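The structures come next, written out as structure tokens.
You will see two complexes here that share chain A, one where it goes with chain B and one where it goes with chain C.
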Partner chain A sequence: MLSLTILVPAILNGLLTGAVYGLVALGLTLIYGVLHIINFAHGALLTAAMFAAFFAHRLLGLDPYLAAVVLTPMFFVLGYCLQRFVIGPAAHGEDRNVLLVTLGLAVVIENMLLYAFGADTRTINLDYAFRIVDLGIAFLALPRVVGFGVVLAVTLLLWLVLSLTDTGKAIRAVAKEKLGAQLSGIDVAHIYAVTFALGTACLAIAACLLIPTYYVNPHIGNAFVLVAFTIVVLGGMGSVTGALVAGLFVGVVESLCGLYLGESLGQIGIFVMFILVLLFRPSGLFGERA
Partner chain B sequence: MSHWSARITRRKLLQRTAVGAAAATGVVNAPSVLRAQGSAVKLGVLHPVSGALSYSGQQGRLGATIAIDEINAAGGIKALGGARIEAVLGDAQSTPEGGNAEVEKMNAAAVAVIVGGYSSSICLTASQTAARYDLPYLVDVGVADNIVTRGLKNTFRFGPGFGVIAKTALDNLVTINDQAGKPAKTVMIVHEDSLFGSGLAKLLNAQLPERGFQVLETIPHPTPTRDFNNVALKIKTQNPDLVIPADYYNEYVLLARTMQQQRVRPKGIYSVLGGAASSYKFVKEFPEAAQYIMDCNHWFDPRNPKALALKKKVEDRGEFYTYEVFMNYSCILLVADALERAGSAERAKMIAALESSTFAGHVMPYGPTKFVDGQNQGAAPVNTQVLGNDIQLIFPQTFATAKPVFPVPPA
Partner chain C sequence: MSEVLLSVSGLTAGYGAIEVLRGIELEVAAEEIVAVLGSNGAGKSTLNRTISGVLRATNGSIRFAGAAIERENPAAIVARGLIHVPEGRCVFPNLTTNENLDLGGYRRGRAGRDRNRERVFEIFPRLAERRSQRAGTLSGGEQQMLVIGRGLMAEPKLLILDEPSLGLSPLLVEELFALMGRINREGIALLLVEQNVVQCLEVARRAYILEQGVFVLNGKSADIRDNPDLKRAYLGL
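Let's look at the complex of A and B:
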């Protein structure tokens, strides 16, 4: 069973899946790193983005990759408004309130989608969904290869934004020392909202990358967000590079577990790993030691 | 006690709830003028038209309503003075509980018979609930054997049960393989891990070795699954002669397409109640992936002009002619025939009329209907194969429209 003809494609497939996991986790880790809150609405927002991508294709005939160009700014604005006008004010500056507010938001979003679209599982069919890239040692699905490339590009872009731009510097300053940043004239509420918006925009991109090969229903986000939490912890809370590397790693673990333990048990490896990381390296692979 | 509540008698309350329930369930085909004549027979038409099984449910509802429209257009039920059939449509929401709730509503709406259910789990609970009211229940598709072995007097099944289907499928597989000179010796089974797929996999694992096949591996997967790359890779390494998938529609299509994508070409793909292999939708959308797939499934009688007329009618509406359509169509005709013979919509008389049915005007390759303990004895699946852009019936020979192409010719 350990033949390379099967192992290599399985690992490559795992890397491709893992990249998208990484992107979802990227949004989560960014929000955690700066706002120091766990965004429970992350999964529900991903679901909403996937529905948006689905209906952009179904109703407007918009290709998911084109839809990303429209949806990403839309979700950026949505994320900004959510943090600025809903989560921020409702939290009254208390972190534990934020937890409850985002959890409530998740329940509201999911049930609104359920009410509007029913529990049906929907998929779209695209001509290129089953095109393959022939590497000689493996056949890879084209949309996943595209997804992998886009995730790398987005991560690089995000890293550049955080390192080079003034807003990026402000975000890092707030993440490090909120009071100090405030004293030097940074509008913390604005930076919080921008960070939340960046995290939400990541979800819109992830949704558009997923929809050509995945399905959507009102509970789909949960499947990803659990994995994303694992990745955030594994990569180190708040680390952008950590999220990507851990995402790839988790994708490979899932793929190999699926191969050797069966599809039904594919995700078991991820959660075993999650427990091991919590036990032996709670700060994660790339996290700063607490 | 207030003036109001004292005035609500039990009878009034029942009347009101019944009317309310009927309105909620949605009574169609009943222009108010005709209803005023009071000569309509209500039929419960129950399907999972939303949720995971919504496509099948909608197809089932389509078949049933076409039959009802045809009967009404032809003058209704003559034994009841030309009474029209009123469909009381119900949505089981793809869950047994949803099915139960609809049966309660239909009972309150005083339907004569309930037709439908589609999935085994919905049929099991819905027929049981209907049994409490002695309300006749005609199962359209649900194949679980225990639907008709519980001794429920009210429950009838027009189509074949799982035991018969599995036995026919295996017998036919052996025959097809023997006729081709026994090219297939090894098998891999890919199945979804709920009752349907697991049950079938277990049965195949027990029966295939007795019939001279070696099962190399059995691969379970959950529904929904959106990535079959690992499964296709495993099939590629083991290189079996035959792949037997036991999946619902979406996973079946995805598996076939992934196998095509990963260039996995066994000598044959043979399925039992294959979710997609007997589906014109699959053949039209992915002809290359569907090519040469064989299936043992419910199918219409291709030599019956009525079946072909229905096919045209359904296709003219832009819909696919799936087994849910023709099975529900046949079930409604069967009920209409029972109404004619019973001369009454009374439940006890309807049960008696169904028990004694010899109805042969359906579109299935079954022969005259004969219920023993609720199971139609003539009901049997047939073998189909995707050839060109069409689905051909390849077995049994009495109904066949083409010869099986097996093993699959090299690409």
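Let's look at the complex of A and C:
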């Protein structure tokens, strides 16, 4: 049995990691819930966002947290245009096509990054990257604590937008009743694009939260998105709050498995749990039952 | 007769290679109630979908309030004041009654929205009692009122109702037809698709009878109602 002084920091660190996982999953689950498609380009877009944050610092000297303020709207617009002018038109209304288009997009983006920047792994050095927050019972890395707070704020903001604004209501309406939405005068193509844009904007924020303590290479996004897929299923496909809760949960599972089984086996726990959930509770741990 | 609000001519439409509507000619005047009757699968809902822009016409023209709308998307057509309340109860189940109504007036300003909502609550007091309830948990009749109310929120000039009385109790059907008269008296034209042929011919001024994608008969409701031969031949009454 491990003592509390080891267990508590492990759990807290798991929560911090899990929050960023949750943010990546948030975008994925939002897009799934409204467009009913699995966005295979999610990982590649995260990678692109991380490169953007990296070069914003390297070339322009922009601090990642400052870069988030610029990159989030940029990725919002990018996501909007991708859905409105590429994915939507190329799909001709067939979900099967959408899948292939996003997959194709992922290949194109990754290879462009590979061609432009090579396969090297890059990191940035920030003076605050190794600063520690002392909670008495645990030491936590400052950038990860900041990340946790930002993720909570972003989730709350997204929830408010979906609950209170006209566009948010339209997004929820389109998710469940597309025909009724069309006939109420809601421009479904626009709402699809806004949703995709929100999902992509989440990635820009996640990228800026990750870059101070993480590295970037042309495949980095996939590692996160694989975990994010698990979170989406655990949280209930399409559930925004489910994604956050499941993200935190997965972070803790990973951290505890790392503690008990060794650092390199941390993610095994996630996938074992994933298979168990698929077997016994396919609607997700926190999702509504179908 | 007052001015023509909707005029459809030479309209053909269908699904892929299947042609459902063939050469439809239809007119609805402002503030008129017109019925479209026909057996299951005749193409009534297909006609509604084509008029509201959800389905593309393959041929022919649709004019509404003086503009050609056959190439417009549904949102633009709604903005013109042509509202189609589809068959089945397409409420937004995850949204409250109020939110459903708000989205019906999506394209109207907030001030107009509050006024319209009060008007809808006046027509359907039951909806006012259930304003904060999730639409998915409303009864079938309440959901039907909600989708009609949602349509009214958009300030329609023409409201297309596709089988609004389906699945309602006889009492509620009676109430619904009375309400249609009331909505119409507020200056809204109605294009009514119904299985309740008798009641429908009571409220509509004119009726069209659709068989396998073509109108085989149209005329004053009263004439159809009073002619046993016509009723037997076309409506199985």
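Throughout what follows, the second predicted complex is superposed on the first by the 289 of 290 C-alpha atoms of A that agree within 3 Å, B and C clash if a C-alpha of one lies under 4 Å from a C-alpha of the other, contacts with A are read in each partner's own complex, and residues count from 1 in each chain.
Just so it is clear, contacts are C-beta pairs under 8 Å (C-beta built on N, C-alpha and C of every residue); 3 or more make two chains touch, one makes a residue touch a chain.
The structure displayed is predicted, hence computed values, not measured ones.
Looking at the shared chain after the overlay, A:Ala207 reaches neither chain B nor chain C. In the superposed model, A:Tyr215 lies in contact with chain B only, and not with chain C. For chain A, the partner with contacts to more residues, out of chain B and chain C, is B. In the overlay built on the shared chain, the residue A:Ala141 is in contact with chain B alone; chain C does not reach it.
When the shared chain is aligned, chain C comes close enough to touch A:Arg172, but chain B does not. Using the contact criterion defined above for the overlaid structures, shared-chain residue A:Thr121 touches chain B, although it does not reach chain C. Once the two complexes are overlaid on the shared chain, A:Ala44 sits clear of chain B and of chain C alike. In the superposed model, A:Gly258 makes contact with chain B only, not with chain C. In the superposed pair of complexes, A:Thr5 makes contact with chain B only, with no contact to chain C. Of all residues in chain B, those touching chain A in their complex are 50-52, 54, 93-94, 193, 219-222, 224-227, 229-231, 233-234, 236-237, 250, 257, 260-263, 285. The touching residues of chain A, when paired with chain C in their complex, are 166, 169-170, 172-173, 175-177, 179-187. Residues 52, 54, 73-75, 78-79, 83-86, 90-95, 99-100, 102-104, 106-107, 147, 150, 154 of chain C are the ones touching chain A in the complex.
Per the touch definition, chain A reaches chain B in the complex via residues 1, 3, 5-6, 9-10, 13, 17, 118-121, 123, 125, 130, 132, 139, 141, 213-215, 255, 258-259, 262-264.
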